[in-house]
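Both of the next two complexes hold subunit A, though its partner changes from subunit B to subunit C.
Here is the complex of A and B:
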């Protein structure tokens, strides 16, 4: 229990650190957001002063920081900064409102990809271990490594070429600012899901394969075989629990990597998730919006790792014992 | 059985989301360069360009063949002898998308809104010459100008000078009500903006049922959407995209009037001698620069002439590479052992780096050693351009009078070569007020020749815009701003 608590405290500390770094990064950029909004009118000092007062940018750094942090704790990421003269302007949309549909779209994509890729990679890893050094093992490993080494945009383009242009089974890109219903999602999602899944699978499959081979070669597996325990029991009840914990940890890290890859994938498929929102907000000079997206991606990464730690503790008695 | 039922349900759901009106609806994309704030106000800084060209008309429009003005919402125009009062006769029987009648009050409102000191509109700088606008007799409007301008109708070709209904300034960004061939159905700057045919369009019923303009920020994604048949047009494509897309499309290389180049400060110690400036310009093989920087059909040779290739005032100047001539001029100017120069640039424009690399190699043949210094993009326009004595530059297309005044008149805000020649300014005034078209043409020609002989701008090319068109779409090969969208067809 104390181990779980210490993991939770570490995760919260990491989240605070990331939030602070994001805020410092936003504040440290040359000029401030009012100079960006006012563009060429920035020479009008009074307008600049008014704009800063309206948007709270004239307050001391620490006050701004605590306001931002306390807002975030209740899910308030502030407003976009587009209208320099009116903070509550219709043009300054609520950042949370902008992020919510994008977060939903990315979570759907990420979760489904993970739900497909992780079990599939584990099964392929086990299969490779059981058929090690045969042609099927080589074929599985080589194919997945190939997908791991090809850049994500290239995989996406290849899949678009085959399934959208050549076969015409699916659209190449999504049309729209948000996903309104499940049929829209399933129309565009297969290719991004396939891309993300392929990106994730190789690492997990490789580790599962080597962990499983170690487990199969271990003393306890040999003893079990000599005692006449059926092979499937040895694999499922003895070797698999031993091989799983490192694979679960790696899966969490890989999902984190997937979050960085999602920006490119979403952009290539014009998929309205956090990745596309991040890029568009940067083009649009909406620094607070971009900061909020970066923060959410980082928090997701921390949360996934925390969950992976907890699962590992439950699966691996040795980790529980260390508590 | 159950799995077949499930498969059929999924297929039906997918098919149901495909727009039914696909057959006669044209689809194209915009790059979301103005973000979520893109709107339908033609004079707003964040106007959705791809949309305003569908829904509004101007008083005059460019001809398909040249940039001369042609009748649109105005059917004829004339001026007084001094060319400082212009009368435009308006078209009868035109209606806006909401059914209201178009008349002089709408034109007066539109232009008063543009020149209003409180309006933050970039087009104001172009039309600031308008002193007053009022309704005239017999469905006409009268423009009073601050000074004579024989080509005033050319200024009204500006793509932002679109007529909106009287009193609609506060709502036009959302409603998009104009007199154009398509009317706004839904506006979603980050998604799909839908436009439907305006059956009462004055220039004939549009051929298409509608047009969908979709936001796709990524250039690669736009290309994939075209290849997969999701969109019918790719505007502003690159030669690499043309190579990737292959033979299944039609390709239109359209002169854009936009140019790229290197500007030398004519007042700086290094470049104050016109012989040095000319040498630095004539040493270039412009054809080779175009091939390397833009691709075979990416541009049209310019002889340091900012006037667009389709402009009626374009001067005919030849500028073959002349290494020996360049060496002789440098020797005359006291640089017989060669010259070292430094050109500042930034990764802001994709053509700058290849342009400079080719230029650097060509200059070496004339004994000119070019040092290329690249600075970060974000400080380029503020801290480097017009501050260092040699920098790269880019300009969009403008009518002859406008570009010559904006970039080469003494004291002009963006006179980036610091070209300070009173005689040149005087001739600009003469040309602008000259009512005889032939004499005016000659005046503008002399100005361009003067820039080629002694100016500080090295302009090796004007860019072509590459438009990729699906085979089942027929679209005139003219710039988007000149295009009559009612003529576009799709089989």
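Here is the complex of A and C:
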């Protein structure tokens, strides 16, 4: 329990530190939200002063910081806009309103590919551990490593070429600004999901394979075998629980790596998720929006790793005690 | 908006690339000639992935050192081929055809890894030296310093590297060319730091370090004379492994148009521009993909074989 608490505290600390760093980085750059928004009209001092007053940029640095931090706690990331005078322009939206659909789309994509890739990779890892050093083991490992070392945009292109252009099963890229219903999602999602899953699998499969081999060669597995316990029971009830925790924590790290990969895949498929939003906001000089996206990605990573730690604590009783 | 590898930087990268290639060629010959390293190579060769990796790397070094001499064309020259406007199919004159501006694609593929190899080599060296330095010194510091720094490292490492790179490149809008090296190098050094620190902790607990402390040596002396030599294997493997991830990272950054400016040959830029022609002109798509992935696989497998030959357990290492 104390270990759980200390993990929680360090996760919260990490979240706070990243938020602070992002805020400092964004504020330290020359110019601010208003000089970016007003663009050519920045010479008009009155407009600049008004704009800064609207967005609270005239307040002291620490006040701005606490406003930003407390705003984030309730999910208010500030506003994305160019011109405060034209309030009806479509840019004048809350950053959280822009991020919410993108976050939803990315989460769907990421969760589904993680739910496919992690169990599949674990099963493949167990399979190649049981058939170790035979050709099927070699085939599985080599194929997965190939998918890991070919850059993700090339894999995406190959899948697009085969399944979208040649076979015509799915559209190659997504048209539109956001996904409105689930049939639309399932039209576009299969290829990005396949790409993300292929990216993740190699690492998990490799670790699962070697941990499983260790577990199968261990003393307790031998004792169990000598006691006449059936082979499937040894594999599932004795070896698997001891081989799982490292694989679970690695899976969390891999999902973290995926958060970078998702940016590439989303831009190749023009999928309206966080990654595409990040790229667009950077091209568009919307630094606050970009900062919010980076922060959300980091928070997702922290949360995933925390959950993975908790899961492996439940699977493996040995990890509950030690600090 | 972004920092490019502008012509001057590309020229610099070109020179560094030649240095790296020549150094690697000499190292390759040297490794085979000198006896203890030949023994190490032999131990790497014993594992099948080490064997594949060494073959790929040797092929890449040979191609990059001797390739430009054997190919008659320059990667920049645009040929006038009469009625065929562009995408000249593979033939005797152009073994891999020509690209959208009728440049010899083989010449471009052969020299397409220059910027990537030069920049990522520098980045890997920076990341490793900084990460190893910090990791070793952290273990010799008082416990609370270690605790505070590691919490900060944990927090920083939770930012996805691509988001980190993109944000940093926008914030330092004046950064050009080699800005990839410090930005990504710093970020990757955090991962190195964790690995090296984990290994150094086991060494610092040993008696000879306690003895050195008792003799009254300074921390820097202990770090360089006692801890560092014992972390050499880990650092070596880490260098090779990080290099493969850095190559992929560079490829992604270059794919987004953040690294190399357009006329210069670069594998990921070639992939990016021939992406839409994948079905109609496959000979423009596959060669850069194959070159890039064989290099990545080569370094990765060699590092794997090296780790196995030295007897390191790298299974649970993260892939940042």
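Worth a mention:
Here is the rule we go by: the second predicted complex is superposed on the first by the 310 of 323 C-alpha atoms of A that agree within 3 Å, B and C clash if a C-alpha of one lies under 4 Å from a C-alpha of the other, contacts with A are read in each partner's own complex, and residues count from 1 in each chain.
In the analysis below, contacts are C-beta pairs under 8 Å (C-beta built on N, C-alpha and C of every residue); 3 or more make two chains touch, one makes a residue touch a chain.
These figures come from a predicted structure and were not determined experimentally.
Judged by the touch definition given at the top, the superposed model places A:207 against subunit C, while subunit B stays out of reach. Once chain A of one complex is fitted onto chain A of the other, the partner contacts of A:123 are absent, as it touches neither subunit B nor subunit C.
When both complexes are overlaid on chain A, the residue A:165 reaches subunit B and subunit C alike.
More residues of subunit A are in touch with C than with the other of subunit B and subunit C. Legend: residue contacts after superposition of the two complexes on their common chain; A:69 is shown touching neither subunit B nor subunit C. In the superposition on chain A, A:18 contacts subunit C only, with no contact to subunit B.
With both structures placed on the common chain, the touch criterion links A:139 to neither subunit B nor subunit C. Once chain A of one complex is fitted onto chain A of the other, the partner contacts of A:178 are limited to subunit B, with no touch recorded for subunit C. In the superposition on chain A, A:237 makes contact with neither subunit B nor subunit C.
Judged by the touch definition given at the top, the superposed model places A:107 against neither subunit B nor subunit C. Shared contact residues of subunit A, touching subunit B in one structure and subunit C in the other: 153, 157, 160-161, 165, 267, 279, 283. On subunit B, the positions that touch subunit A within their shared complex are 10, 13-14, 16-17, 32-33, 35-37, 120, 188-192, 212, 214-218, 220-222, 224-225, 227-230, 378. Of all residues in subunit C, only 1, 151-152, 154-156, 158-164, 166-168, 170-171, 173, 244, 248, 251-252, 255-256, 268, 271-272, 275, 278-279, 285, 289, 292-293, 296-297, 300, 315-316, 318-320 touch subunit A in the complex they form. The part of subunit A that touches subunit C in the complex is made up of residues 10, 13-15, 17-18, 21-22, 25-26, 28-29, 145-146, 149-154, 157-158, 160-161, 165-166, 203, 206-207, 210-211, 246, 249-250, 253-254, 256-257, 259-260, 263-264, 267, 278-279, 282-283, 285, 287, 290-291, 293-294, 297-299, 301-302, 305. Note for the complex: subunit A touches subunit B at residues 30, 41, 82, 91, 93, 98, 153, 157, 160-161, 164-165, 168, 171-173, 175-178, 182-184, 186-187, 267-270, 272, 276, 279-280, 283-284, 286.
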